[in-house]
Amino acid sequence: MDYFLELFLGGLTRGSIYALIALGYTMVYGIIELINFAHGEIYMIGAFTGLIVISVLTLLGWNTVAIIIIAALVAMVYSAAYGYTIEKIAYKPLRGSQRLSALISAIGMSLFLQNYVLLAQTSNFLPFPNLIPEFGIVKPIEHIVRSTEIVIYIAAALVMVGLTVLIKFTRMGKAMRAVAQDRDMAMLVGVDVNRVISFTFVIGSSIAALGGVLVASHIGQVNYYVGFIAGIKAFVAAVLGGIGSMPGAVLGSLVLGWTESFFTGYISSDYEDVFAFVFLVLILIFRPAGILGRSQTDKV
Amino acid sequence: MMTFQEIKKSFLAAIWFMFLTFPIMVIKVNTIEKTIEWHWWRMAAVGLGAFGLSFLWRYLIRRKEAGKRKAEVGGEDKQTLVQRLLSNPRFYLPGLIATAVMVVAFPFVFSLYQTNIMITALIYVVVGLGLNIVVGLAGLLDLGYVAFYAVGAYSYALLNVHFGVSFWMALPIGAALAFLFGILLGFPVLRLRGDYLAIVTLGFGEIIRLVLENWNEFSFGPSGIANIPKPGLFGIDLNLQQSTTFIYFLMIALALMTIFVVRRLQDSRIGRAWIALREDEVACQAMGIDKTRTKLSAFALGATWAGMGGVVFAAKTTFINPTSFTIWESIIILCVVVLGGMGSIVGVIIGAMILILLPEYLRAFSEYRMLIFGVILVLMMVFRPGGIISDVRRTYKFEGLGNKTENKSQ
Amino acid sequence: MKKPIGRFIVLVVALALAGLMIYGCPQQEEKKAEAPAPAAPAPEPVEPVKLGVAGAHSGDLASYGIPSVRAAQLVVKQRNAMNGVGGRQIEVLVEDDVCKPEVATNTATKLVTDKAHVVVGHICSGATKSALGIYKESGIIAMSPSATNPALTQSGDYPNFFRTIASDDAQARLQVDFALDKLGLTKLAVLHDKGDYGKGLAEFAKGFLEADSRAEVVLYEGITPGAVDYSAVVQKVKRSEAEAVIFGGYHPEASKIVTQMRKKGMDTIFISDDGVKDVTFIKVAGEFAEGVYATGPVDTSKNPIAMEAIEAHKKEFGEDPGAFYLNAYAATQALLNAIEKSGSTDFDVLKQTLQNEWVATPLGIIKFDERGDAIGVGFAVYQVQGGDFATIEM
Amino acid sequence: MKPVLSVSQLTMDFGGLRAIDHIDLEVRAGEIVALIGPNGAGKTTFFNCITGIYTPTGGDMLLAAPGEGGPVRLNGLKPNKVTENGMARTFQNIRLFPNMTVLENVMIGRHCRLHSGIPGAIFRPPANRREEKQIVEDSYRMLEKIGLTGYVNEFAKNLPYGAQRRLEIARALATEPFILLLDEPAAGMNAQETKELDELIVRIREQEKVSILLIEHDMKLVMSLSDRIYVVDYGKRIAEGAPEAIKNDPAVIKAYLGEDIDA
């Protein structure tokens, strides 16, 4: 039972991490139907920015809790700025073209950002200090779950709740839903589509940056390539849950996290990813639009 | 015109990019040594660069939009200079001869290296044309195409290791196995569309790679299979130069065959069905086309070319392991198709040449190689989103019905 | 409809070829950018010695390739400042292979075309294997700082191959002997990162353990590199009640696993390889690195050449060197030394010299056996103690 | 006269919503039958059910070629099988293949009547060449009949609206149906175009020997064309009969007027 619980929590950690990245994926997809391949890189840039801030502030001798909070905030601001700029440069001029062109543009962007960080910083893995304090309450169950993991769970949950509120109850949320439904129509009724799209990128990117800082704290290191692998996994999770749907992204991420964790734990980690993909294929065969996705029937 | 407004815009862009790149570019951290270096000059460089480039960028965007508007007003499809040149018969024959001469002379004129990368490019031409059937013609986004490439490569390598099967035997076997895999993997994804199809094919691609990586007893795992023989020429011993030249001509032949077959396919009953499927799945079915069979045939035929490409790949490289079949490979092949212009044979050829030769020629920039490659991908798409050659119009002449032909266009 | 398409093809190919003509021709003589400017211009117009450096310089494995480029550049810079080899200046040709076999063949033909005399590289065993055939035909010797696949030296297929790193089986033997003889362990878990380096090593370790009646392999698993969390595997190790983990792979994964194991309160012994015996590992894993064992070349930390090499790197690049830096440093020195001693770049002469002449390198005073493995690079087991690798007496 | 299409008790539920409620309908050889009703009455859903795009919840659908053997049951057939069996359709929101030429659009219609496969496409044996030539010629003739030869090599997406509607009809006819379903063929047309359409429909009935079932809102067109009319409202059939009778049917008036009042 202990073992099961441990695997469950391990899966929860993975799932929460995927969720923080997958939410941005799914938001962008929901709005402009673009698989934003550069999203993983945004996450990586968030982690790097966080690391830079931490290094500078540590040098200045600040309090660690203050440092991690400021680092996360600065990382979110910068990633948001990156997301915003990338959209303006690489995707906006392609609106109205075939969707595959935008996909290639995203791939180009992803390559660019990887190498940009590789050249400006380093090719080596850099240690990422874990500044999240160990909470006293967690002490007795420390061998099962650490406070960093708990922070990740809480962050994922808060982000999901926050986004749901944003989408459901705010003006901007309504505008986002309208654009997702029918862009032309939204424009007609006076929604500033460009602003909505930019906003989506900004929000999605800052969530990814938060994920980046938290995951880097958890795993203890970063390099220029961490975004790509995490990005692919998060994308799988988003599709699994039904791409375009926020609860779907979270559910898909958790399901993927648990799948991998339990499969590794009870069978073998050799085929961990194989199993994740097989599971994805099975789900999509029986639910072609993902777990929570609306199955689109053609309007004939 | 360099108005104040323009300068202000560029100035703001410069400020923005200086802000944006500030932490990553300026503050180089090293958490191992716990040191921080400040490269302020980089910020100045970014500022200056952004200031200049933003003029160029806006100018190009304006030009692109002006072009678009003109096209809308004119209603005619724009023809590029290339297309116009090509429709001139005086150019055609001499051009054909010159090209043939150059293709034949290539390996003798250029270095081993040039020939070698040209072979790689030709492999991608073949494989790209195969994927073009799936993505460009039938409109099925396949992100796991490399799986079939792997099937081809491993069937030659494994058959050779275990049974000493020769290259020439393996070529059809590899193609056939890839065809079978195409059908096998095609079945479960028939119901899916668009990006769901993309992610499932991506999954299949990864599954095949991971199996090759993990199942040592079958595939020799990540250490791969070495000493795969190059294609033989009636048992003659070839040195490096000769065998490279031989593979070059082999690939030219294979590429020509592929072009021939794909051209015939796309003008056939099947080819039209693929395009109709891409254009409108519902209408396509309502016109009596069997969706399942059409999709499967596109999948399987596309896979066949990947299989053949894979066999040649294994023979050329003489060593294979799973690292050659990652999702990046699928992405590059997809880029070949989209960059060149989906559905267009010439487009795919150009796309393959650019995408495979470019990184090689960018070697001169050494560490900036992939950075520039990424930038070029983005720029190409931003300024030519339809690919280099966009939709080529098929026109029919009516010999039997003679004078009734009316070709309204141009 | 036939003609337009045909014409397109004609034009495209013509353009492509024309482009190649324009671009391809000057290609031959350019590419000196990489060679650091010599302190004093070479007085005599002798043809420079061209040293190719091939490996992954971009993509996910760049962090294992770039250090060897730096190593070669630093050695060459130093050499050129001291009048090169036998009065000939040395030029470095850096070529990226992304660790992919197919790119490696292009890299190799590029180096052959650019008339490289010797090559330091490649980094990954797979890429090395596909490139070696091309070097062999062209009479070029390649010396890898990091390709550990046993077949490279043991199969006899690659007479032009040398390396300054131990082969997988040798390292695995050492690890297993250490675990059984010295530590007296009976239950071991073997983990690897599914890569050709890590899995190759793990396979041998598993094989040796299974052949030995004293111990059993309680867990054999490949982990997924780059994953965001390894707690499931760690829990599995815990449940298997293994006394020690033998890990085949590189330090980023190793430090993640060790960190997670320690954080879960496990004190399982961790034994790993050359890819982990790297200062970065200690710095990344911090306190959790304490007590970890890793095999690696003997006593490099007190070797004056190694100290000097590391110092030079810090001065030039402002950071610690990355993986296989010293191996690449040694490889470059060995190759240049052989050229200097023999005064030739001829294949047979060089091979002879490499096998007969001892050379002082950061890895010790070495020469090579007839298969291409380095003699004199003693391998030892280290343990992280007080934030540094300390040699363990066997 | 023998019915070519007979639908009985057709029912279609979407979740809890009953879009079609036990509808009976019959089309006899050579007839032009109209299916009318207010917006959202379930007319297009009815088309989608009988052409295999939706699977109906209940009821029977039989298709019988005039003068030939027994009827074919359409339940559970895929759309392409329905077309192969001789029933072709057009769409309310035009669904041409926009990036194919006009001729190719029609050539697609010939697809299901021919059988050349992949080897044939690659090696082009004489039989295949003949077939290919035949397709082009047949399709061209079809365009002549519909009056679209001026656009042969034009992309479908570049056609004027009215021509696109006619091209859809040409494409459907190319499948050699004996019954043609037209979904609002006159939508968006001006009076002149509607008149031409009226003539065209009458002409294709004569020349192609097809029965026609059409959904249409233009009452003038419906009254002038139809032999019989079915009226549906809220998924239920509320009337059936000759145009004159329908005009005066109180249930029909109520359905339409009721709609007017709501609006």
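All chains are identified by letter, namely A, B, C and D, in their written order; residue positions are counted from 1 within each chain.
Just so it is clear, contacts are C-beta pairs under 8 Å (C-beta built on N, C-alpha and C of every residue); 3 or more make two chains touch, one makes a residue touch a chain.
Not measured: the values here are computed from a predicted model.
In summary, the chains found to touch both chain A and chain D are B. Least step count on the touch graph, chain A to chain C: 1.
Remark: among chain pairs B-C and B-D, B-C carries the greater number of C-beta contacts.
Comparing the CA-atom centres of all chains against that of chain B, the greatest distance is found for D. Inter-chain spacing, taken between the CA centroids of chain B and chain C, is 32 Å.
Centre-to-centre, using mean CA coordinates, chain B is 41 Å away from chain D. Put simply, the C-alpha centre of chain A and that of chain B have 29 angstrom between them.
Mean C-alpha position of chain C lies 70 Å from that of chain D. Annotation for chain D: residues touching 2 or more other chains are 53, 91, 95. Shared contact sites, meaning residues of chain B that touch two or more other chains, fall at 28, 30-32, 214, 282, 367, 370, 394-396. Counting partner chains per residue, chain C has residues 58-59, 194, 222, 280, 283-284, 319 touching two or more of them. Taken in their complex, chain C has these residues touching chain A: 58-60, 62-63, 66, 194, 221-224, 226-229, 231-233, 235-236, 239, 251-252, 255-256, 259, 263-265, 280, 283-286, 319, 322.
On the side of chain A, the complex with chain C involves touching residues 3, 6-7, 9-11, 13-14, 17-18, 115, 118, 122-127, 142-144, 146, 215, 218-221, 223, 225-226, 228-230, 233, 260-262, 264-265, 268-270, 272-273. The touching residues of chain B, when paired with chain D in their complex, are 75, 261, 264-265, 268-273, 275-276, 279-280, 282-291, 297, 301, 391, 393-396, 398, 400-401, 404-409. For chain D in complex with chain B, the touching residues are 51, 53, 78-80, 83-84, 88-89, 91, 95-101, 103-104, 107-109, 111-114, 116-118, 120-122, 124, 131-133, 135-137, 140, 144, 149-155, 158, 171-172, 175.
Across the complex, chain A is touched by residues 16-17, 19-21, 23-25, 27-32, 34, 36, 42, 61, 64, 135, 141, 188-189, 191-193, 195-196, 198-200, 202-204, 206-207, 210-211, 214, 281-282, 327, 331, 334-335, 338-339, 342, 367-368, 370-371, 373-378, 380-383, 385-387 of chain B.
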